[in-house]
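Following this message is one structure expressed as structure tokens.
By letter and in written order, the chains are A, B, C and D; residue numbering begins at 1 in each of them.
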């Protein structure tokens, strides 16, 4: 560029300055996010200024308070009718405050809270040198097996940074579900991804795997977000704006006043199609849909189990929230383009996840693949493109996230010398050793399998019902078949736990602190309640199933 | 010159970056390739903003840079710790978990 | 009055329940309880008989409705009894002979520790048999029909520790089941044709039904009769049934149960009369069987098997008569009754002989027993004379009538049937004389058995001989009593109907012919077994003899075709079920497993290959989206 | 609103199950007695239902209806017709005997943790199954039925896989693997069936918008609901498949022999006498009730399948070497009769089929439980390992024989009535099929008598020479069943009276009339 151009740019910029008004931010309606973000920052300060031994308590306190407050705020907003009548777009079009966002924010916050409980669990590992330890590395920086690490352990260090990281992730997710322009979407995506990358690397045991998981997750995540960003760029190029409303208008052709200078780009469907495809791909990656799923098993296995549980639940919720909003608010105009594609994705995701899971031998990987299959089921609901579809997905996510966290929480309990005993063979005869734990896990597995009277069945039924009503009968049939396949491996685990003789060198079941018990108990309670009397929550989901445009 | 060419350039850079991610072994390099992809996006943004005559694209570019910087922080931290553990930054060495 | 009918069945049924449920504490009195109750039933029978005689012929049918058994939309089965002349006859025969045999068994089974159970079974049999003959509809009859089958199963296999007995019992039940199948299909057919299977409605509407249907029903009933009455081709079980204790053979497999088939046919007269083709088949079956049985009877050395053969053949006569229609029904029943007397007597005699000979049954090991057991000899002898139709004795009257009727059928059929009947008479004379001679005449042929116990033939106790004597009396005078003044004919006619056939040959001629056959048969037998001594081991004998010893290869046929074939079938089916039906499912499961194993390899742990799949996925996504727009 | 009797009948065992499971490990016998009492209480409630039910009254009685899951169009709707009542009674009657028979089946041998309570679990699971079975007999809302139809699998699965015969031939380890194979097979078969049904259930919702039998029937009647023929047939197939797996109908039967062979006798009875009845019951109520046209359309094929089941099952029973497998295949043959009766579409056939469900339940229970007692004495399921038992244990042998005679449907015992009704009902419309099916009675005699001969008669084998005869508890189990068999054999009227009106309704559902006898027609 030539210098005069630059100069003129400056000048033009200069005399526009006074015209920039202060942005209008509805703090009240953004309060959930703001509370969490604030708490996260406080957490950072705690790390800086609170003496080491009390940090843990301070952090747990801050986080719990923040999450509860934020949840209360969400409830308040919903009660105020922001979910239904007063739903509108806040922060100058950046954030939507409406039913879906509030519902999912509520779910995410609860998931975060329950996840936090598992994070804060300190009774499972035998106390090292007299100080209780949790499932996170004593000192992430220390090389595994090195003297520094031993020293750190001896000193009783713990990585209390996990709590602020969790909060940052949560805040990112909150925004992600309610982002109303593509930029916010992208930023939120990164805000909740980066902390997760770090959390994955922080396992106390099996640190090599943990680090490997982190690297894989990070590289692939970054790769995916690059695609997302490019997609956003193309959409921006297509619509000349990143605000959902504007893009939507352009997509369904309700905007016609095209600046002739832009005739080349504006309304160029190639940009739209490619952009949309890449953007959706980025979200499918987070959701863990085939063929963008391959990070899931490795990361789920390598990450510290509490993180896996939180990730598996909250990430899915957030990602599906964003996906729903994108497809229902931004891209309804090109429904006929993306529906068939999503059909295909849903099908291969359901079948792929179910089939590969059959031969898994590690419980965490097994759950990872099952989560992939479930992503497929949820996609079936997404495809319905109807109010019912939205509500069914919301319900499914709520049901699913609790089951998942609960299941992974149980996984943390079954331990042997090397930490958690995740290899299936070690779970043999668990039902004989500790019937209660086995029974609870069985309940979760049955919920995953979608056996009636569990939340899993209600969710599955809701989703398939919506899909069938939306005319996707073949999808339903395939879904049914793949859930039959899926049933097979859930059953396998149950058989293993109850019908095979306990191994003499088998794992022991640690007695957890009330925190984990609470997490598991909540999981079971929700599973049963949503299975037996789902109507109230279905109503909730129904009321919350309208997007603001 | 026709700004659309910048778009082609952006696409090209993006593809180069992606290819790099696929073929390079060293985690750092792979990561750099990702950064390249992000920059390609930036280029696209700026170009589009130019075409549309609004500042959104340019603003986004700045955001992208910030995000990229954040990614660097996190990414390097992870990669370095991996390197220190394994004394290798090869992505392929880190394949304990498979199947 | 009809209220009493239920008592007939109730008494022995009560006995059965008490004796079987009562347990060991009844062991000492059990047999008397059984005998008492069967006698009680007989007394009631006599009482009812007297009552019937008191009425005039038209009003001799008593109906007792107890309760509605199976009430279903459009389907009505009642528990209703019908006592008319026909069933009355049977009631007296069954309870009378039955009671005698109960008495006999008290002695015969004395040394068996399961005697109580034996009497329980006997009572059960009486109850079932009475139900069979008293039922007013075919379904209820079917209950009795299978009930006697069960009793016979239990009694044949009474000595269960003997595998042969158990097998024989099973065989009897199975073969009967084949017949029962016929009966049940017949009932279904009646239901679809007449909308009912009670005697009244069915016989009442026969004219409304097509002859085809009636013929079908008739043949199916015949199948049932073949099973129960051991007629060709379902006769194979009767010989083996002799594994049961001899009183059982006397009561069930000679006097009563095996004649149920004849009862069924005569009872269904209305149907058969309207289905001549069916009747023809009946006569054929009867004729074939009477010859078949007679031939088998000639070859057997086992006294009971020989008598079994004779039973088969005598029932053949009855079936033949029943097949002749109105001209034969009465005589079928008459022969049935007289046969009940003398055959039961013969069996009891045989039992008495075995009783004296340590349960030896091979006639070649008997001989010259007449001086050791005189009473048995005399009673047996009288029975013998009766069965071969010695003039004046009961067999003479009844069998003669049947032969007459056979000729009276007229036409070539008449000649064939009549001729066959005559031949049968001759053979009967032969094999019975053979039995008689081998058992009671000639010199003694028994040796000490392996553990040196020389059998000491001796007369049986009173409790056994008295029944034999009574039966002997019956077999001497029964026929005469019935025939003089056509008492029996007049008695039965209202139920079965009767018509005098016009025989091409006069009754007198037939009698002469019969006498001739009789003399020939006896003569040959005398020539073979009377004049020269009987070899203790059976000679190889002619081809026919050997075949006859093996029941004319009937069993071999069954064994090869049914048993072996069945085994192969089931074995192959088990294989199919395991490999094919199950295999498909397991195969599917395995298939998914394999697929999973293969797909799993894609997850090779290298981040870059994951990236590749993402990249490819992205490319596909883009391509697909563009494609969607393109098409 | 009145006392929710039907809910109570199901709720009692459900609560009982929870209570039983909660009994501490040490108090094993307490758990047993509790379970027994609960089951008897349930029986009492069932009897109340029986008394309160008026055969002449409305089609569905003692109805309850509450909103449950409005979004799915699901109402908690219960109600019983005659068929339901009969089967509820059957279930309630059998469970106490099952519990009594299994008194010692779950006494723990192996040393688990002190919190491992197999006995409590065993009886709790049985009660849980009872509760779910009862609900599915009572549900008049397809969804409610489906939920329990499916949920039932889980406790059954644990009963099959968790508890097996003692002293297994190949040792405990092998036994465990075979058991879990059987359990998994059971579960997967039924789960696949259930899931395919789920698709149909969803389809039904899409078509009808709710699941209430009455509402759907009314909607059809007043024409507001019209099912396209194709749709109806697909949905029918979806439903029928699940029920055919459960029933089980050839060729979906192979799970039953494994399940019955590996599980303890009482559980085997629970499977075949109680749980499987839900399948045939559902055919009668849901397949015929919801999809009359499709039912008529599918009848020929189904009849053929039923016929195959009858003959095939019987032949395979003849070929078995394992007592329990033999009984299992016999049951397959009998289920063939039931299905045949249902789809013969005649009053006799359907009344017969319903009666058959009841009678088969009782007769199989009698035979299987005695077989169980026998097996528990000798510790082997192989027929070849027995012989001459009759001599040492006459009562056992006698009861076994009676059970067998009931199985071969000897007249005078209950099964005869139902079997004959089914045959007649089929014969009137499909003579050929009826005749072929009649061969089944010969085969039945064959396998029963062969079984009896090989095990009970012949010379006494040394292994069984010390075998004790039935104990008091065992007699208490068997005697009432036998009495019931005889009573219903000579006086089935109480049952038929209840069943007939219900059958009338089903007949009118499928718009079929009994064929008229030709002589009447001629007049």
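The rule we apply is simple: contacts are C-beta pairs under 8 Å (C-beta built on N, C-alpha and C of every residue); 3 or more make two chains touch, one makes a residue touch a chain.
Keep in mind that what you see is a predicted model, and the values were worked out from it rather than measured.
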B-C against A-D, pair bridged by the larger set of C-beta contacts: A-D
Chain nearest the overall Cα centroid: D
Chain centre separation in whole Å, for chain C relative to chain B (CA means): 97
Chain centre separation in whole Å, for chain D relative to chain A (CA means): 46
Distance between chain centroids, defined by C-alpha means - chain B, chain D (Å): 65
CA centroid of chain A to CA centroid of chain B, Å: 23
Sites on chain C at which at least two other chains make contact: 589, 600, 603, 605, 607, 611
Sites on chain D at which at least two other chains make contact: 188
Junction residues of chain A - those touching two or more other chains: 215-216, 219, 223, 227, 297-298, 488
Touching chain combinations (by label order): A-B, A-C, A-D, B-C, C-D
Chain D-touching residues of chain C, taken from the complex the two chains share: 20, 67-75, 79, 139, 142-143, 145-147, 150, 153, 157, 160-161, 163, 165-167, 170, 173-174, 177-178, 180-181, 184-185, 187-189, 191-196, 205, 208-210, 213, 566, 569-571, 573-574, 577, 581-582, 585, 589
Chain C contact footprint on chain A (complex, rising order): 215-216, 219-220, 223-224, 227, 269-270, 273-274, 276-278, 280-281, 285, 290-292, 294-295, 297-298, 336-338, 340-341, 344-345, 352, 355-360, 485, 488
For the chain B and chain C complex, residues of the former touching the latter: 18, 21-23, 25, 30, 91-92, 94-99
Sites on chain B touched by chain A in the complex: 4, 7, 10, 14, 17-18, 21, 27, 30-31, 34, 37-38, 40-41, 44-45, 47-49, 51-54, 56-57, 59-60, 63-64, 67, 70-71, 74-75, 77-79, 81-82, 84-86, 91, 94-98
Contacting residues of chain D [partner chain A, same complex]: 67-72, 110, 112-113, 115-117, 146-148, 150-151, 153-154, 157-158, 161-162, 173, 176, 179-180, 183-184, 187-188, 191-192, 195-196, 198-199, 202-203, 205-206
